[in-house]
Amino acid sequence: MSMQTISIMDYIGTFAFALSGAYLAIRYELDIFGIFVCAFSTACGGGITRDVVMNVGVPRFFSSYTTIMIVIVASLLAIATKSEKWSKLMLTADAIGLAVFAIDTGVRGLDNGYNLPQLVFASVITAVGGGVIRDILLQRVPIVLRKEVYASAALAGAVVLWFIYPIMDKMVATYISLAVVFGIRMWSVYKHIDLPVVHLDTSESAQ
Amino acid sequence: MSMQTISIMDYIGTFAFALSGAYLAIRYELDIFGIFVCAFSTACGGGITRDVVMNVGVPRFFSSYTTIMIVIVASLLAIATKSEKWSKLMLTADAIGLAVFAIDTGVRGLDNGYNLPQLVFASVITAVGGGVIRDILLQRVPIVLRKEVYASAALAGAVVLWFIYPIMDKMVATYISLAVVFGIRMWSVYKHIDLPVVHLDTSESAQ
Amino acid sequence: MSMQTISIMDYIGTFAFALSGAYLAIRYELDIFGIFVCAFSTACGGGITRDVVMNVGVPRFFSSYTTIMIVIVASLLAIATKSEKWSKLMLTADAIGLAVFAIDTGVRGLDNGYNLPQLVFASVITAVGGGVIRDILLQRVPIVLRKEVYASAALAGAVVLWFIYPIMDKMVATYISLAVVFGIRMWSVYKHIDLPVVHLDTSESAQ
(Lines give C-alpha, C1' and ligand atoms only; values in the text may rest on other atoms or scores of the structure.)
Protein backbone atom coordinates (compact mmCIF):
# COMPACT_ATOMS: atom_id res chain seq x y z
CA MET A 1 0.00 0.00 0.00
CA SER A 2 1.24 3.48 -0.77
CA MET A 3 1.58 5.67 2.31
CA GLN A 4 -0.66 8.21 0.59
CA THR A 5 -3.62 5.87 0.18
CA ILE A 6 -3.33 4.89 3.85
CA SER A 7 -3.27 8.55 4.90
CA ILE A 8 -6.38 9.36 2.89
CA MET A 9 -8.17 6.37 4.42
CA ASP A 10 -7.12 7.61 7.85
CA TYR A 11 -8.55 11.07 7.20
CA ILE A 12 -11.87 9.72 5.94
CA GLY A 13 -12.23 7.50 9.02
CA THR A 14 -11.31 10.38 11.32
CA PHE A 15 -13.87 12.68 9.69
CA ALA A 16 -16.65 10.06 9.77
CA PHE A 17 -16.04 9.17 13.43
CA ALA A 18 -15.67 12.82 14.52
CA LEU A 19 -18.96 13.69 12.83
CA SER A 20 -20.80 10.78 14.47
CA GLY A 21 -19.31 11.65 17.87
CA ALA A 22 -20.33 15.30 17.50
CA TYR A 23 -23.91 14.42 16.53
CA LEU A 24 -24.21 12.10 19.52
CA ALA A 25 -22.91 14.86 21.81
CA ILE A 26 -25.50 17.28 20.44
CA ARG A 27 -28.21 14.69 21.09
CA TYR A 28 -26.97 14.47 24.70
CA GLU A 29 -27.18 18.29 24.96
CA LEU A 30 -23.50 18.78 25.75
CA ASP A 31 -22.02 22.25 25.53
CA ILE A 32 -19.76 23.19 22.58
CA PHE A 33 -16.62 22.09 24.42
CA GLY A 34 -18.28 18.76 25.23
CA ILE A 35 -19.18 18.33 21.56
CA PHE A 36 -15.55 18.78 20.61
CA VAL A 37 -14.33 16.40 23.37
CA CYS A 38 -16.84 13.81 22.19
CA ALA A 39 -15.84 14.19 18.52
CA PHE A 40 -12.16 14.02 19.47
CA SER A 41 -12.59 10.94 21.69
CA THR A 42 -14.54 9.07 19.05
CA ALA A 43 -12.15 9.91 16.22
CA CYS A 44 -8.80 9.74 18.02
CA GLY A 45 -9.38 7.61 21.12
CA GLY A 46 -8.95 4.28 19.34
CA GLY A 47 -5.71 5.21 17.58
CA ILE A 48 -4.16 6.77 20.68
CA THR A 49 -5.09 3.70 22.76
CA ARG A 50 -3.52 1.44 20.12
CA ASP A 51 -0.31 3.48 20.00
CA VAL A 52 -0.08 3.51 23.80
CA VAL A 53 -0.66 -0.24 24.22
CA MET A 54 1.54 -1.27 21.27
CA ASN A 55 4.27 1.02 22.64
CA VAL A 56 5.08 2.87 19.41
CA GLY A 57 6.26 6.02 21.20
CA VAL A 58 4.36 9.30 21.16
CA PRO A 59 1.01 8.51 19.45
CA ARG A 60 0.99 9.22 15.71
CA PHE A 61 -1.92 11.59 16.29
CA PHE A 62 0.50 14.20 17.64
CA SER A 63 2.81 14.20 14.63
CA SER A 64 0.71 16.62 12.57
CA TYR A 65 -2.01 19.23 12.87
CA THR A 66 -4.14 17.60 10.15
CA THR A 67 -6.09 15.22 12.39
CA ILE A 68 -7.05 17.85 14.93
CA MET A 69 -8.14 20.20 12.12
CA ILE A 70 -10.38 17.45 10.70
CA VAL A 71 -11.96 16.96 14.14
CA ILE A 72 -12.58 20.69 14.53
CA VAL A 73 -14.12 20.99 11.05
CA ALA A 74 -16.35 17.95 11.65
CA SER A 75 -17.49 19.37 15.01
CA LEU A 76 -18.33 22.73 13.47
CA LEU A 77 -20.17 21.03 10.61
CA ALA A 78 -22.27 19.03 13.08
CA ILE A 79 -23.03 22.20 15.07
CA ALA A 80 -23.93 24.10 11.88
CA THR A 81 -26.25 21.41 10.54
CA LYS A 82 -27.72 20.47 13.94
CA SER A 83 -29.94 17.86 12.38
CA GLU A 84 -30.26 14.15 12.19
CA LYS A 85 -31.97 13.95 8.84
CA TRP A 86 -28.72 12.36 7.71
CA SER A 87 -28.81 9.63 10.36
CA LYS A 88 -28.70 6.95 7.66
CA LEU A 89 -25.74 8.71 6.08
CA MET A 90 -24.11 8.75 9.51
CA LEU A 91 -24.50 4.99 9.94
CA THR A 92 -22.76 4.60 6.59
CA ALA A 93 -20.00 7.04 7.54
CA ASP A 94 -19.52 5.19 10.82
CA ALA A 95 -19.22 1.86 8.97
CA ILE A 96 -16.61 3.46 6.68
CA GLY A 97 -14.68 4.65 9.74
CA LEU A 98 -14.89 1.20 11.28
CA ALA A 99 -13.54 -0.50 8.14
CA VAL A 100 -10.84 2.07 7.46
CA PHE A 101 -9.45 2.17 11.02
CA ALA A 102 -9.43 -1.63 11.37
CA ILE A 103 -7.75 -2.37 8.04
CA ASP A 104 -5.43 0.64 8.06
CA THR A 105 -4.10 -0.58 11.42
CA GLY A 106 -3.96 -4.16 10.15
CA VAL A 107 -1.83 -3.20 7.14
CA ARG A 108 0.59 -1.23 9.30
CA GLY A 109 0.69 -4.14 11.74
CA LEU A 110 1.56 -6.66 9.04
CA ASP A 111 4.28 -4.34 7.76
CA ASN A 112 5.65 -4.35 11.34
CA GLY A 113 5.55 -8.14 11.77
CA TYR A 114 2.67 -8.39 14.26
CA ASN A 115 1.48 -11.88 15.19
CA LEU A 116 -2.24 -12.69 14.89
CA PRO A 117 -3.33 -11.69 18.44
CA GLN A 118 -1.42 -8.41 18.13
CA LEU A 119 -2.96 -7.68 14.73
CA VAL A 120 -6.51 -8.51 15.84
CA PHE A 121 -6.18 -6.57 19.09
CA ALA A 122 -4.67 -3.51 17.40
CA SER A 123 -7.22 -3.50 14.58
CA VAL A 124 -10.25 -3.95 16.83
CA ILE A 125 -9.09 -1.48 19.50
CA THR A 126 -8.40 1.17 16.83
CA ALA A 127 -11.77 0.60 15.18
CA VAL A 128 -13.94 0.50 18.30
CA GLY A 129 -11.77 2.09 21.03
CA GLY A 130 -12.87 5.65 20.26
CA GLY A 131 -16.53 4.66 20.42
CA VAL A 132 -15.96 2.82 23.69
CA ILE A 133 -14.28 5.86 25.29
CA ARG A 134 -17.08 8.11 24.04
CA ASP A 135 -19.73 5.74 25.45
CA ILE A 136 -17.93 5.53 28.81
CA LEU A 137 -17.77 9.33 28.99
CA LEU A 138 -21.48 9.56 28.14
CA GLN A 139 -22.29 6.80 30.65
CA ARG A 140 -23.75 4.47 28.01
CA VAL A 141 -23.09 0.74 27.85
CA PRO A 142 -20.29 0.65 25.25
CA ILE A 143 -21.08 -0.15 21.66
CA VAL A 144 -18.98 -3.36 21.73
CA LEU A 145 -21.21 -4.89 24.40
CA ARG A 146 -24.57 -3.98 22.93
CA LYS A 147 -26.26 -6.62 20.81
CA GLU A 148 -24.89 -5.67 17.42
CA VAL A 149 -22.44 -6.88 14.87
CA TYR A 150 -19.86 -4.13 15.28
CA ALA A 151 -16.51 -5.09 16.76
CA SER A 152 -16.99 -8.57 15.31
CA ALA A 153 -17.06 -7.04 11.80
CA ALA A 154 -13.69 -5.38 12.47
CA LEU A 155 -12.34 -8.63 13.88
CA ALA A 156 -13.49 -10.59 10.82
CA GLY A 157 -11.81 -8.10 8.47
CA ALA A 158 -8.56 -8.24 10.43
CA VAL A 159 -8.49 -12.05 10.29
CA VAL A 160 -9.23 -12.03 6.54
CA LEU A 161 -6.45 -9.48 6.01
CA TRP A 162 -4.05 -11.64 8.04
CA PHE A 163 -4.60 -14.59 5.71
CA ILE A 164 -4.82 -12.92 2.29
CA TYR A 165 -2.36 -10.01 2.59
CA PRO A 166 0.78 -12.18 2.38
CA ILE A 167 -0.46 -14.20 -0.61
CA MET A 168 -1.93 -11.67 -3.03
CA ASP A 169 -1.52 -8.12 -4.35
CA LYS A 170 -1.42 -5.87 -1.28
CA MET A 171 -3.79 -3.30 -2.75
CA VAL A 172 -6.38 -5.92 -3.67
CA ALA A 173 -6.07 -7.65 -0.29
CA THR A 174 -6.60 -4.31 1.45
CA TYR A 175 -9.74 -3.50 -0.53
CA ILE A 176 -11.17 -7.00 0.02
CA SER A 177 -10.64 -6.68 3.78
CA LEU A 178 -12.18 -3.20 3.81
CA ALA A 179 -15.18 -4.63 1.97
CA VAL A 180 -15.48 -7.47 4.51
CA VAL A 181 -15.73 -5.07 7.47
CA PHE A 182 -17.99 -2.56 5.70
CA GLY A 183 -20.16 -5.29 4.17
CA ILE A 184 -20.72 -7.23 7.40
CA ARG A 185 -21.49 -4.05 9.32
CA MET A 186 -23.96 -2.61 6.77
CA TRP A 187 -25.58 -6.00 6.22
CA SER A 188 -26.21 -6.33 9.97
CA VAL A 189 -27.59 -2.77 10.12
CA TYR A 190 -30.09 -3.33 7.31
CA LYS A 191 -31.08 -6.87 8.32
CA HIS A 192 -31.04 -6.03 12.05
CA ILE A 193 -28.82 -9.04 12.63
CA ASP A 194 -27.55 -9.54 16.17
CA LEU A 195 -25.20 -12.13 17.55
CA PRO A 196 -26.89 -14.88 19.62
CA VAL A 197 -27.41 -14.32 23.33
CA VAL A 198 -26.78 -17.03 25.91
CA HIS A 199 -29.34 -17.32 28.72
CA LEU A 200 -28.65 -18.55 32.22
CA ASP A 201 -30.33 -21.76 33.33
CA THR A 202 -31.10 -20.37 36.77
CA SER A 203 -33.90 -17.95 37.51
CA GLU A 204 -31.71 -15.88 39.80
CA SER A 205 -31.88 -12.18 39.10
CA ALA A 206 -28.80 -10.20 38.08
CA GLN A 207 -26.59 -9.02 40.91
CA MET B 1 10.85 -18.54 41.92
CA SER B 2 11.23 -20.66 38.82
CA MET B 3 9.81 -19.05 35.69
CA GLN B 4 7.69 -22.16 35.22
CA THR B 5 5.89 -21.86 38.56
CA ILE B 6 5.12 -18.22 37.80
CA SER B 7 3.73 -19.11 34.37
CA ILE B 8 1.45 -21.79 35.82
CA MET B 9 0.19 -19.30 38.43
CA ASP B 10 -0.44 -16.83 35.61
CA TYR B 11 -2.49 -19.35 33.66
CA ILE B 12 -4.61 -20.32 36.67
CA GLY B 13 -5.37 -16.67 37.43
CA THR B 14 -6.21 -15.98 33.79
CA PHE B 15 -8.57 -18.95 33.64
CA ALA B 16 -10.30 -18.06 36.91
CA PHE B 17 -10.80 -14.42 35.94
CA ALA B 18 -11.93 -15.22 32.38
CA LEU B 19 -14.50 -17.66 33.74
CA SER B 20 -15.86 -15.13 36.24
CA GLY B 21 -15.99 -12.41 33.55
CA ALA B 22 -17.84 -14.71 31.15
CA TYR B 23 -20.41 -15.73 33.78
CA LEU B 24 -21.05 -12.09 34.62
CA ALA B 25 -21.51 -11.28 30.90
CA ILE B 26 -24.04 -14.10 30.58
CA ARG B 27 -25.91 -12.74 33.58
CA TYR B 28 -26.03 -9.35 31.82
CA GLU B 29 -27.44 -11.06 28.69
CA LEU B 30 -24.58 -9.98 26.43
CA ASP B 31 -24.19 -11.67 23.05
CA ILE B 32 -21.42 -14.23 22.48
CA PHE B 33 -18.94 -11.58 21.33
CA GLY B 34 -19.75 -9.52 24.42
CA ILE B 35 -19.13 -12.58 26.60
CA PHE B 36 -15.68 -12.96 25.08
CA VAL B 37 -14.89 -9.24 25.41
CA CYS B 38 -15.95 -9.39 29.06
CA ALA B 39 -13.87 -12.52 29.76
CA PHE B 40 -10.88 -11.00 27.97
CA SER B 41 -11.15 -7.64 29.79
CA THR B 42 -11.42 -9.32 33.19
CA ALA B 43 -8.53 -11.71 32.60
CA CYS B 44 -6.13 -9.53 30.61
CA GLY B 45 -7.11 -5.92 31.38
CA GLY B 46 -5.13 -5.72 34.61
CA GLY B 47 -1.91 -7.11 33.16
CA ILE B 48 -2.07 -4.98 30.02
CA THR B 49 -2.73 -1.85 32.10
CA ARG B 50 0.25 -2.71 34.33
CA ASP B 51 2.56 -3.27 31.35
CA VAL B 52 1.41 -0.02 29.72
CA VAL B 53 1.85 2.09 32.86
CA MET B 54 5.13 0.49 33.93
CA ASN B 55 6.41 0.99 30.37
CA VAL B 56 7.74 -2.54 29.76
CA GLY B 57 7.25 -2.37 25.98
CA VAL B 58 4.59 -4.37 24.15
CA PRO B 59 2.47 -6.02 26.89
CA ARG B 60 3.54 -9.58 27.78
CA PHE B 61 0.05 -10.75 26.85
CA PHE B 62 0.98 -10.47 23.17
CA SER B 63 4.11 -12.62 23.37
CA SER B 64 2.25 -15.94 23.09
CA TYR B 65 -1.05 -17.46 21.99
CA THR B 66 -1.51 -19.33 25.29
CA THR B 67 -3.32 -16.58 27.18
CA ILE B 68 -5.85 -15.90 24.46
CA MET B 69 -6.53 -19.64 24.09
CA ILE B 70 -7.21 -19.85 27.85
CA VAL B 71 -9.67 -16.96 27.58
CA ILE B 72 -11.47 -18.59 24.65
CA VAL B 73 -11.70 -21.97 26.42
CA ALA B 74 -13.00 -20.33 29.61
CA SER B 75 -15.62 -18.37 27.61
CA LEU B 76 -16.82 -21.51 25.83
CA LEU B 77 -16.93 -23.40 29.12
CA ALA B 78 -19.09 -20.66 30.68
CA ILE B 79 -21.40 -20.68 27.65
CA ALA B 80 -21.63 -24.49 27.72
CA THR B 81 -22.44 -24.69 31.43
CA LYS B 82 -24.68 -21.60 31.48
CA SER B 83 -25.36 -22.00 35.14
CA GLU B 84 -24.48 -20.35 38.40
CA LYS B 85 -24.81 -23.37 40.60
CA TRP B 86 -21.04 -23.01 40.97
CA SER B 87 -21.23 -19.43 42.19
CA LYS B 88 -19.43 -20.37 45.40
CA LEU B 89 -16.73 -22.08 43.33
CA MET B 90 -16.49 -18.89 41.25
CA LEU B 91 -15.90 -16.73 44.33
CA THR B 92 -13.05 -19.07 45.23
CA ALA B 93 -11.66 -19.01 41.69
CA ASP B 94 -11.84 -15.23 41.70
CA ALA B 95 -9.95 -15.10 45.01
CA ILE B 96 -7.28 -17.38 43.52
CA GLY B 97 -6.99 -15.07 40.51
CA LEU B 98 -6.71 -12.06 42.82
CA ALA B 99 -3.92 -13.65 44.86
CA VAL B 100 -2.02 -15.05 41.89
CA PHE B 101 -2.06 -11.85 39.83
CA ALA B 102 -1.05 -9.65 42.78
CA ILE B 103 1.82 -11.82 43.98
CA ASP B 104 3.01 -12.90 40.52
CA THR B 105 3.37 -9.22 39.63
CA GLY B 106 4.97 -8.48 43.00
CA VAL B 107 7.64 -11.16 42.50
CA ARG B 108 8.48 -9.90 39.01
CA GLY B 109 8.56 -6.34 40.36
CA LEU B 110 11.00 -7.25 43.13
CA ASP B 111 13.20 -9.02 40.60
CA ASN B 112 13.17 -5.75 38.60
CA GLY B 113 14.03 -3.51 41.55
CA TYR B 114 10.69 -1.76 42.01
CA ASN B 115 10.32 0.54 45.01
CA LEU B 116 7.36 0.07 47.37
CA PRO B 117 4.86 2.40 45.62
CA GLN B 118 5.69 0.84 42.25
CA LEU B 119 5.30 -2.68 43.65
CA VAL B 120 2.01 -1.93 45.38
CA PHE B 121 0.59 -0.07 42.40
CA ALA B 122 1.62 -2.76 39.90
CA SER B 123 0.33 -5.61 42.10
CA VAL B 124 -3.00 -3.99 42.86
CA ILE B 125 -3.65 -2.75 39.31
CA THR B 126 -2.87 -6.22 37.90
CA ALA B 127 -5.12 -7.92 40.43
CA VAL B 128 -8.10 -5.57 40.22
CA GLY B 129 -7.61 -3.69 36.92
CA GLY B 130 -9.36 -6.30 34.79
CA GLY B 131 -12.38 -6.30 37.08
CA VAL B 132 -12.47 -2.50 37.06
CA ILE B 133 -12.43 -2.37 33.24
CA ARG B 134 -15.15 -5.05 33.09
CA ASP B 135 -17.29 -3.11 35.58
CA ILE B 136 -16.81 0.16 33.68
CA LEU B 137 -17.86 -1.54 30.42
CA LEU B 138 -20.92 -3.02 32.16
CA GLN B 139 -21.71 0.35 33.77
CA ARG B 140 -21.40 -0.97 37.32
CA VAL B 141 -19.67 0.87 40.14
CA PRO B 142 -16.24 -0.83 40.05
CA ILE B 143 -15.46 -3.60 42.48
CA VAL B 144 -12.67 -1.59 44.15
CA LEU B 145 -15.12 1.07 45.29
CA ARG B 146 -17.86 -1.22 46.57
CA LYS B 147 -17.84 -1.94 50.29
CA GLU B 148 -15.72 -5.08 50.29
CA VAL B 149 -12.29 -6.26 51.21
CA TYR B 150 -10.97 -6.85 47.71
CA ALA B 151 -8.21 -4.54 46.48
CA SER B 152 -7.12 -4.12 50.10
CA ALA B 153 -6.40 -7.89 50.24
CA ALA B 154 -4.13 -7.57 47.19
CA LEU B 155 -2.46 -4.52 48.74
CA ALA B 156 -1.84 -6.34 52.03
CA GLY B 157 -0.26 -9.29 50.21
CA ALA B 158 1.99 -7.00 48.16
CA VAL B 159 3.21 -5.22 51.29
CA VAL B 160 3.86 -8.53 53.08
CA LEU B 161 5.78 -9.77 50.02
CA TRP B 162 7.85 -6.56 49.96
CA PHE B 163 9.02 -7.18 53.53
CA ILE B 164 9.53 -10.97 53.59
CA TYR B 165 10.77 -11.74 50.06
CA PRO B 166 14.28 -10.29 50.57
CA ILE B 167 14.80 -12.04 53.93
CA MET B 168 13.61 -15.61 53.44
CA ASP B 169 13.39 -18.42 50.90
CA LYS B 170 11.74 -16.91 47.83
CA MET B 171 9.38 -19.85 47.30
CA VAL B 172 8.18 -19.76 50.91
CA ALA B 173 7.77 -15.97 50.83
CA THR B 174 5.70 -16.26 47.66
CA TYR B 175 3.38 -18.88 49.12
CA ILE B 176 2.94 -16.92 52.36
CA SER B 177 2.02 -13.79 50.37
CA LEU B 178 -0.40 -15.75 48.20
CA ALA B 179 -2.01 -17.12 51.36
CA VAL B 180 -2.32 -13.61 52.80
CA VAL B 181 -4.28 -12.32 49.78
CA PHE B 182 -6.40 -15.45 49.40
CA GLY B 183 -7.02 -15.77 53.13
CA ILE B 184 -8.06 -12.16 53.70
CA ARG B 185 -10.34 -12.25 50.67
CA MET B 186 -12.07 -15.55 51.54
CA TRP B 187 -12.34 -14.58 55.20
CA SER B 188 -14.11 -11.33 54.27
CA VAL B 189 -16.42 -13.23 51.88
CA TYR B 190 -17.50 -15.77 54.50
CA LYS B 191 -17.71 -13.33 57.39
CA HIS B 192 -19.23 -10.56 55.24
CA ILE B 193 -16.59 -8.17 56.52
CA ASP B 194 -16.53 -4.71 55.01
CA LEU B 195 -14.13 -1.86 55.59
CA PRO B 196 -15.55 0.97 57.75
CA VAL B 197 -17.46 3.77 56.06
CA VAL B 198 -17.01 7.42 57.01
CA HIS B 199 -20.17 9.51 57.23
CA LEU B 200 -20.42 13.22 56.60
CA ASP B 201 -21.32 15.47 59.52
CA THR B 202 -23.67 17.56 57.40
CA SER B 203 -27.12 16.49 56.34
CA GLU B 204 -26.62 17.85 52.83
CA SER B 205 -27.61 15.38 50.11
CA ALA B 206 -25.11 14.06 47.58
CA GLN B 207 -24.41 16.33 44.63
CA MET C 1 11.22 28.25 35.94
CA SER C 2 13.27 26.74 38.71
CA MET C 3 12.64 23.04 39.23
CA GLN C 4 11.84 23.80 42.86
CA THR C 5 8.99 26.19 42.12
CA ILE C 6 7.50 23.61 39.72
CA SER C 7 7.72 20.88 42.37
CA ILE C 8 5.99 23.04 44.97
CA MET C 9 3.23 23.80 42.46
CA ASP C 10 2.92 20.07 41.80
CA TYR C 11 2.52 19.31 45.50
CA ILE C 12 -0.11 21.99 46.01
CA GLY C 13 -2.13 20.68 43.06
CA THR C 14 -1.80 17.09 44.29
CA PHE C 15 -2.96 18.04 47.78
CA ALA C 16 -5.92 20.08 46.51
CA PHE C 17 -7.10 17.36 44.11
CA ALA C 18 -6.61 14.54 46.65
CA LEU C 19 -8.63 16.47 49.22
CA SER C 20 -11.48 17.12 46.76
CA GLY C 21 -11.46 13.46 45.63
CA ALA C 22 -11.57 12.24 49.24
CA TYR C 23 -14.47 14.55 50.15
CA LEU C 24 -16.42 13.35 47.12
CA ALA C 25 -15.77 9.70 48.11
CA ILE C 26 -17.06 10.39 51.63
CA ARG C 27 -20.19 11.95 50.15
CA TYR C 28 -20.67 8.75 48.10
CA GLU C 29 -20.32 6.70 51.32
CA LEU C 30 -17.30 4.73 50.10
CA ASP C 31 -15.26 2.75 52.64
CA ILE C 32 -11.86 4.00 53.77
CA PHE C 33 -10.03 2.14 51.00
CA GLY C 34 -12.44 3.62 48.44
CA ILE C 35 -11.75 7.09 49.83
CA PHE C 36 -8.04 6.58 49.28
CA VAL C 37 -8.55 5.16 45.76
CA CYS C 38 -10.73 8.14 44.92
CA ALA C 39 -8.21 10.65 46.31
CA PHE C 40 -5.37 8.89 44.50
CA SER C 41 -7.24 8.72 41.16
CA THR C 42 -8.18 12.40 41.31
CA ALA C 43 -4.70 13.58 42.28
CA CYS C 44 -2.51 11.22 40.24
CA GLY C 45 -4.73 9.91 37.42
CA GLY C 46 -4.16 12.89 35.14
CA GLY C 47 -0.38 12.91 35.48
CA ILE C 48 -0.05 9.15 35.04
CA THR C 49 -2.28 9.26 31.94
CA ARG C 50 -0.17 12.08 30.51
CA ASP C 51 3.10 10.22 31.15
CA VAL C 52 1.69 7.03 29.62
CA VAL C 53 0.36 8.74 26.49
CA MET C 54 3.38 11.00 25.98
CA ASN C 55 5.63 7.94 26.43
CA VAL C 56 8.04 9.41 28.98
CA GLY C 57 8.87 6.03 30.54
CA VAL C 58 7.75 5.00 34.01
CA PRO C 59 5.38 7.78 35.18
CA ARG C 60 7.06 10.49 37.27
CA PHE C 61 4.65 9.68 40.08
CA PHE C 62 6.67 6.56 40.90
CA SER C 63 10.01 8.32 41.25
CA SER C 64 9.44 9.41 44.85
CA TYR C 65 7.35 8.68 47.92
CA THR C 66 6.34 12.33 48.34
CA THR C 67 3.25 12.29 46.14
CA ILE C 68 1.76 9.18 47.73
CA MET C 69 2.39 10.62 51.20
CA ILE C 70 0.55 13.80 50.20
CA VAL C 71 -2.41 11.71 49.00
CA ILE C 72 -2.48 9.72 52.26
CA VAL C 73 -2.31 12.87 54.40
CA ALA C 74 -5.08 14.54 52.36
CA SER C 75 -7.28 11.43 52.67
CA LEU C 76 -6.78 11.27 56.44
CA LEU C 77 -7.48 14.98 56.74
CA ALA C 78 -10.74 14.57 54.83
CA ILE C 79 -11.73 11.61 57.02
CA ALA C 80 -10.83 13.51 60.20
CA THR C 81 -12.78 16.64 59.26
CA LYS C 82 -15.71 14.76 57.64
CA SER C 83 -17.46 17.98 56.83
CA GLU C 84 -18.32 20.06 53.86
CA LYS C 85 -18.45 23.37 55.61
CA TRP C 86 -15.37 24.17 53.53
CA SER C 87 -17.06 23.42 50.22
CA LYS C 88 -16.29 26.92 48.96
CA LEU C 89 -12.68 26.46 50.01
CA MET C 90 -12.68 23.15 48.12
CA LEU C 91 -13.87 24.81 44.91
CA THR C 92 -10.97 27.23 45.26
CA ALA C 93 -8.50 24.41 46.00
CA ASP C 94 -9.78 22.51 42.98
CA ALA C 95 -9.30 25.60 40.77
CA ILE C 96 -5.75 25.92 42.08
CA GLY C 97 -5.11 22.24 41.23
CA LEU C 98 -6.55 22.77 37.76
CA ALA C 99 -4.32 25.78 37.07
CA VAL C 100 -1.19 24.26 38.57
CA PHE C 101 -1.44 20.90 36.78
CA ALA C 102 -2.22 22.50 33.40
CA ILE C 103 0.54 25.09 33.48
CA ASP C 104 3.14 22.89 35.21
CA THR C 105 2.68 20.36 32.38
CA GLY C 106 2.71 23.15 29.79
CA VAL C 107 6.04 24.52 31.03
CA ARG C 108 7.64 21.06 31.01
CA GLY C 109 6.17 20.46 27.55
CA LEU C 110 7.64 23.69 26.15
CA ASP C 111 11.01 22.78 27.65
CA ASN C 112 10.72 19.46 25.78
CA GLY C 113 9.79 21.00 22.42
CA TYR C 114 6.13 19.95 22.27
CA ASN C 115 4.08 21.27 19.37
CA LEU C 116 0.75 23.01 20.09
CA PRO C 117 -1.55 19.92 19.94
CA GLN C 118 0.84 18.00 22.19
CA LEU C 119 1.05 20.87 24.66
CA VAL C 120 -2.71 21.42 24.78
CA PHE C 121 -3.48 17.69 25.04
CA ALA C 122 -0.88 17.10 27.77
CA SER C 123 -1.94 20.17 29.77
CA VAL C 124 -5.67 19.44 29.59
CA ILE C 125 -5.35 15.69 30.24
CA THR C 126 -3.15 16.34 33.28
CA ALA C 127 -5.53 18.95 34.64
CA VAL C 128 -8.80 17.10 34.08
CA GLY C 129 -7.76 13.43 33.62
CA GLY C 130 -7.80 12.62 37.32
CA GLY C 131 -11.29 14.06 37.72
CA VAL C 132 -12.49 12.13 34.67
CA ILE C 133 -11.14 8.81 36.04
CA ARG C 134 -12.72 9.56 39.44
CA ASP C 135 -16.07 10.35 37.80
CA ILE C 136 -15.94 7.18 35.67
CA LEU C 137 -15.22 5.09 38.77
CA LEU C 138 -18.12 6.76 40.60
CA GLN C 139 -20.38 6.34 37.57
CA ARG C 140 -20.94 10.08 37.13
CA VAL C 141 -20.94 11.86 33.81
CA PRO C 142 -17.37 13.20 33.74
CA ILE C 143 -16.69 16.76 34.73
CA VAL C 144 -15.39 17.68 31.24
CA LEU C 145 -18.77 16.92 29.70
CA ARG C 146 -20.96 18.65 32.24
CA LYS C 147 -22.04 22.18 31.41
CA GLU C 148 -19.23 24.09 33.05
CA VAL C 149 -16.19 26.06 32.15
CA TYR C 150 -13.58 23.59 33.42
CA ALA C 151 -11.39 21.89 30.84
CA SER C 152 -11.81 24.94 28.63
CA ALA C 153 -10.13 27.06 31.33
CA ALA C 154 -7.13 24.70 31.29
CA LEU C 155 -7.08 24.79 27.50
CA ALA C 156 -7.16 28.60 27.43
CA GLY C 157 -4.24 28.78 29.87
CA ALA C 158 -2.19 26.29 27.84
CA VAL C 159 -2.74 28.29 24.64
CA VAL C 160 -1.81 31.56 26.37
CA LEU C 161 1.34 29.91 27.76
CA TRP C 162 2.25 28.61 24.29
CA PHE C 163 2.21 32.17 22.89
CA ILE C 164 3.76 34.17 25.73
CA TYR C 165 6.33 31.77 27.22
CA PRO C 166 8.84 32.10 24.34
CA ILE C 167 8.65 35.91 24.24
CA MET C 168 8.80 37.05 27.85
CA ASP C 169 10.33 36.26 31.23
CA LYS C 170 9.51 32.59 31.91
CA MET C 171 8.46 33.22 35.51
CA VAL C 172 6.11 36.04 34.53
CA ALA C 173 4.65 34.02 31.65
CA THR C 174 4.01 31.11 34.00
CA TYR C 175 2.20 33.25 36.56
CA ILE C 176 0.11 34.96 33.89
CA SER C 177 -0.95 31.56 32.50
CA LEU C 178 -1.75 30.26 35.98
CA ALA C 179 -3.88 33.35 36.54
CA VAL C 180 -5.71 32.78 33.25
CA VAL C 181 -6.78 29.23 34.22
CA PHE C 182 -7.59 30.10 37.83
CA GLY C 183 -9.35 33.34 36.89
CA ILE C 184 -11.55 31.83 34.15
CA ARG C 185 -12.49 28.91 36.39
CA MET C 186 -13.34 31.00 39.49
CA TRP C 187 -15.14 33.61 37.39
CA SER C 188 -17.37 30.89 35.88
CA VAL C 189 -18.03 29.40 39.33
CA TYR C 190 -19.14 32.71 40.84
CA LYS C 191 -21.05 33.93 37.79
CA HIS C 192 -22.49 30.45 37.02
CA ILE C 193 -21.28 30.82 33.46
CA ASP C 194 -21.73 27.79 31.22
CA LEU C 195 -20.67 27.27 27.63
CA PRO C 196 -23.53 27.46 25.09
CA VAL C 197 -25.46 24.29 24.29
CA VAL C 198 -26.49 23.38 20.74
CA HIS C 199 -29.99 21.98 20.31
CA LEU C 200 -31.07 19.53 17.66
CA ASP C 201 -33.61 20.70 15.07
CA THR C 202 -35.52 17.42 15.26
CA SER C 203 -37.87 16.46 18.07
CA GLU C 204 -36.55 12.91 18.12
CA SER C 205 -35.75 11.68 21.60
CA ALA C 206 -32.25 10.61 22.58
CA GLN C 207 -31.32 7.07 21.60
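Letters A, B and C mark the chains in the order given here, with residues in each chain numbered from 1 onward.
Operating definition for what follows: a contact is a pair of C-beta atoms (placed from the backbone, for glycine too) under 8 Å apart; a residue touches a chain by one contact, two chains touch by 3 or more.
What you see is a predicted model; the values in this text were computed from it and never measured.
Participant: Which category does the touching pattern between chains fall into here: line, ring, star, complete, or other?
Facilitator: Its topology is that of a complete graph.
Participant: Since chain A and chain B are copies that touch, just let me know if over half of their interface numbering is common to both, same, or not, different.
Facilitator: different
Participant: For chain A and chain B, let me know how many angstrom lie between their CA-based centres, rounded off.
Facilitator: Centre separation, chain A to chain B: 29 Å.
Participant: Indicate the residues of chain B shared as contacts by at least two other chains.
Facilitator: 52, 55, 136, 139
Participant: Which bits of chain B are touching chain C when the two form their complex?
Facilitator: It comes out as residues 52-55, 115-118, 121, 132, 136, 139-142, 144-147, 151-152, 155, 194-202, 204, 206-207.
Participant: So in the complex, the part of chain C that touches chain B is made up of which residues?
Facilitator: That would be residues 24-35, 37-38, 48, 52, 55, 57-59, 61-62, 65, 68, 79, 82-85, 136-139 of chain C.
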